[in-house]
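Order of writing sets the chain letters: A, B and C. Residues in each chain are counted from 1.
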Amino acid sequence: MTARAERPWLRTLIVVALLIPIAFPLYWALAASLTSEAALFSDPSLWPSDPMLSHYRALFATRDFWTPVRNSLVVAGVTTLFCVTVGSLAAYALARLEFRGKALILGFILAVSMFPQISIVSPLYLLLRAMRLINTYPGLIMPYMTFAMPLTVWLLVGYFRQLPKDLEEAALVDGASRLVAFVRIIVPLAMPGLATTAILTFIYCWNEFLFALSFTLGPERQTVPVAIALFRGEYQVPWGEILAASVIATAPVAAIVLLFQRRIVQGLTSGAVKG
Amino acid sequence: MSGRADPRLTQDRRLAVAFVTPAVSVIALIAIFPLLWTVWNSLHLQDLRMPWLGRPFVGADNYVELARDPRFWSSLGHTLFFTVVTVSLELVLGFGIALAMNSAFRGRGAARATSLLPWAIPTVVAALLWRFMFDSQAGIANALLVAIGVLERPMVWFIEATTAWIPVILSDVWKTTPFVAILLLAGLQNIDRSLYEAAEVDGASAWWRLWHVTIPLLKPTIFVALIFRTLDAFRVFDLLYALTGGGPGTATEPIALYTHTIILQHLRFGYGAALSVVVFVITFALALIYIRGLGLRLSGEER
Amino acid sequence: MHRAAVCAAVALIACGGGDEDSGRTVITISSSVVGTDGPLLRRQLDRFMRMHPTIEVRLHRVSDDATQRHQLFVQWLNARAGDPDVLELDVVWTSEFAAAGWLLPLEDPSIDTAAFFPGTLRACRWAGALYALPWYADVGLLYRRTDLVPREPASLDELATFAQRGITNGGVPFGIAWMGARYEGLVTVFVEYLGGFGGQIMDDSMNVTVGAPEAVRALTFMRDQIARWKIAPNDVLTWHEEETRFAFQNGRAVFMRNWPYAYSAMADSAQSRVAGKYAVSPMPAAAGGHPTAALGGAQLAINRWTEHPDAAFALVQFITAPEQQLERAVAIGEFPTRRAVYDEPSLRAALAIPADDARRAVESATPRPVTPLYTQLSEILQIELHRALAGQVMPDAALAAAAEKMNAAIERTGLREYMRRPVTSSR
């Protein structure tokens, strides 16, 4: 798309128009997290009438919110790291090497994520329990791979295929092995693609709820979505604290995104298919 | 086949095994047992509330019951409706956002980060947030709509099927358009500028360039966005569970929520397994349709 | 529906397979730490551990959301996990779990069943055996604005009249607020009107009687509140407990039907606009019925695959003992399930509502049908009730459809035949 240099104000207008509906609920969540519960339920308003930090204080004083944040970071981080590493190898092979059965492999990888999560929770639980992995980090990371790996592989296959074909030729001619060529040449060039895939996978894992609920037993291993869900009393829904928690829960992700966003958009294409 | 020498082929194959095996085996290790277990279970009657019935093999009985189950069909309809509407909206809006973000402007970084935030919020939280915004008494949606005169008085959104879908769709579009936008943006960035310039030189309009240059080159990216969004939309659960609970009645119940109820509330594991297999088959079929429809070859290699 | 502010799952880790160092039996107990429940339970557990130096009890927390808890319990028990050893069950789950073979029958002769309210025990039994002990009771109560209503309404009709007057004279928008969203709470509300007109959902032989004329009258009464007399807003159809409470708390309703937890929740004048201006009573009845309160609460049961049944049982007995029940009532205001506790002077001083009213309410409380199919049957009923209340079908058609589907569900499982079979083993 051309840069529309002729009418910059139009572009700004469009961007702002798009950002308002995106940002409004976020703003409102922030405003509501600073309001008392009774006020929330009586008169909805755009501005917090009597801003107060008590929900945030309650989050860290009466509830230990650091632990779920830590757990989420560990689980999402390790899953992402592992899937991007292992997945990029597989994606490289699928994109650049010659062998039969690629469609089958890609199809299998994708098919695994076609079962509704709810149906594989029970057998997965039995499996994890047999391996004594309930309420452990590996006990979450492994199930997460069932959806993280397909995403990673598919995204990266497309990206690798876009890279010029003879990139590794020079290195290979010089006698380097495929693996070395991969690490030394492909990976640095593919950084933007790897970064984007990592971010998307990370957020996917960060949001996951059902597996985290089913395979953890206590706060020492529960992740952020589960912890927030546990805020609920039987009847009482502490909206203020839930919203405060969601503001805090989004912060690490927002930080990561801001840090890496330039890398993300330096050029990446995804898709395992050719037009 | 490209004209590569034979030894290279064998070496490639060996390397391929080495590179691909870790990923595939990890997935297989974790997923194979649950998948096979589910398929096997779908052929049995298993109602945990009635252990005296045992766990007999009943063949296709569960599937026959499924075909006759009106709640299954309506939940399937809801799911298809939800999938079609949200995926189309997200594709179009995501594309728009990607186009807008594609050029350089001040604050681009912050704009991109902001547009990604909705997706970073846990689904359950986003659903609660939207439910609260559309609350009939305390919701900001009613307050705003009444204030600007669109509504006469506050509306109770969640007791009518038609109005209940609105917050559902809005919240899903709000939450997942960023995912599509990021993917498409990345694809856009990779399109060679010279192609546009050539078209411009030939006198092509912006619209023509969009249709005949951008979109065709974006097809692979569109496919990935489509397939993953469709898979997720088809299996939607968290959002509807927290937002409407499937109500009013069962008017917004998606098939994953129905399966959840069958398995974990009614303890009918056999029937629930059959439901899961059906979901799998349908999503598989959708994937194939996309591939054919977009005219894509899965492996991308010359055959 | 019960106040599951504490959901206790006690997990015992085998001495042999688990902690070797302390030489003690290690128990893990799950509990929510919302509000004052957590510290209270911890105090009681500490006391238990002092009394039983060889048993260690650990806290483990599960979700308060009933559906999620149910899901987790199903998963664990289906996988034959030995922990949690002691389960806090919603009153409607015990028969389901007992039928599935997941609970240990409580056969100890030291259990004094006569000490508990019969209504609370009904939900603890299945197929003639006792599977749980009642922990605390939740009963549906009618809250009224003392400044808008002269006295406790003597009948359902009087309730409607007072509500109407309250709207006109008091200038409040709603006559009555109750939980009408499509969930279990709606069934608890319905059960009270149903009993008030003399009906019931199922009789003791598991025949579905929810399609009877009394039921139609009850549902029509509820529907009229919304559609004809306009004393209840359409919004109730999306309300759970909290939305209902806030409607009343913000001074917008003359009456409210809710659980006891709301009483102390609304007492703070800084947050509540009705502090000091409300009172409670059981829901009244119509002619031909009797005042009915839906019985909620929680029960404690023992996991069938526990490795320490004796320790688990000791814990169950301890927590449901009179001293602990009294302490709980005084600290949190939850209603005890033992009759004698209501005579204690400290209870009289501590309960939010007068102890006699509380005892009356628990005594007249009706459990929902005790059957392993309850969750499924309730769901059918919820859907049809909600449709009728939303005006999409007429009450008689809705209840007829509900009765038919409930019957079909029972038929398909062969439950009636199973219940009628001769019981060979000793119970």
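Just so we're on the same page, a residue touches a chain if its C-beta (ideal position, glycine included) is under 8 Å from a C-beta of that chain, and two chains touch if they have at least 3 such contacts.
All of these numbers come straight from a predicted model, not from anything done at the bench.
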Exercise for review: Work out the mean Cα position per chain and let me know which chain is farthest from chain A.
Suggested key: C
Review point. Counting C-beta pairs in contact, does A-B beat A-C or the other way around?
Key: A-B
Practice item. Express in whole angstrom the distance between the two chain centres, defined as the mean CA positions of chain A and chain C. Key: 39
Exercise for review: Please work out the Cα centroid separation of chain A and chain B, and write it as a whole number of Å.
Suggested key: 15
Practice item. Mark out which residues of chain B touch at least two other chains, giving numbers and ranges. Key: 137-138, 264
Revision key, fill the gap. Residues in chain C with touches to at least two other chains are numbered 71, 75, 78, 243, 246
Check your understanding: Tell me, which residues of chain A touch at least two other chains?
Key -> 41-42, 122, 229, 237
Review point. Which residues of chain A touch chain B in the complex?
Key: 1-4, 8, 11-12, 14-15, 18-19, 21-23, 25-26, 28-29, 32, 40-42, 44-46, 86-87, 89-90, 92-95, 97-99, 102-103, 105-120, 122-124, 127, 142-143, 145-146, 149-151, 153-155, 158, 161-162, 178-179, 192-193, 196, 199-200, 203, 206-207, 209-210, 224-225, 228-229, 237, 239, 242-243, 245-246, 249-250, 253-254, 257-258, 261-262, 264-275
Point to revise | chain B partner contacts - residues on chain C that touch it in the complex | key: 67, 70-71, 74-75, 78, 96, 99-101, 181-183, 234-235, 237-238, 243, 246-247, 372-373, 375-376, 379, 383, 386-387, 390, 392, 413-415, 418
**Study point:** Complex contacts: residues of chain B adjacent to chain C
**Key:** 47-53, 135-138, 156-160, 245-250, 261, 264-267
Exercise for review: Please name which positions on chain B make contact with chain A in the complex.
Suggested key: 1-2, 4, 8-9, 12-13, 15-16, 19-20, 22-24, 26-27, 30-31, 33-35, 37-38, 93, 96-97, 99-105, 109-125, 128-130, 132-133, 137-140, 142-143, 174, 177-179, 182-183, 185-190, 196, 200, 206, 209-210, 214, 216-217, 219-224, 227-228, 231, 235, 237-238, 255-256, 259-260, 263-264, 269, 272-273, 275-276, 279-280, 283-284, 287, 291, 294-301
Review point. Where on chain A does chain C make contact in their complex?
Key: 36-38, 41-42, 121-122, 125-126, 129, 213-214, 217-219, 226, 229-230, 232-237
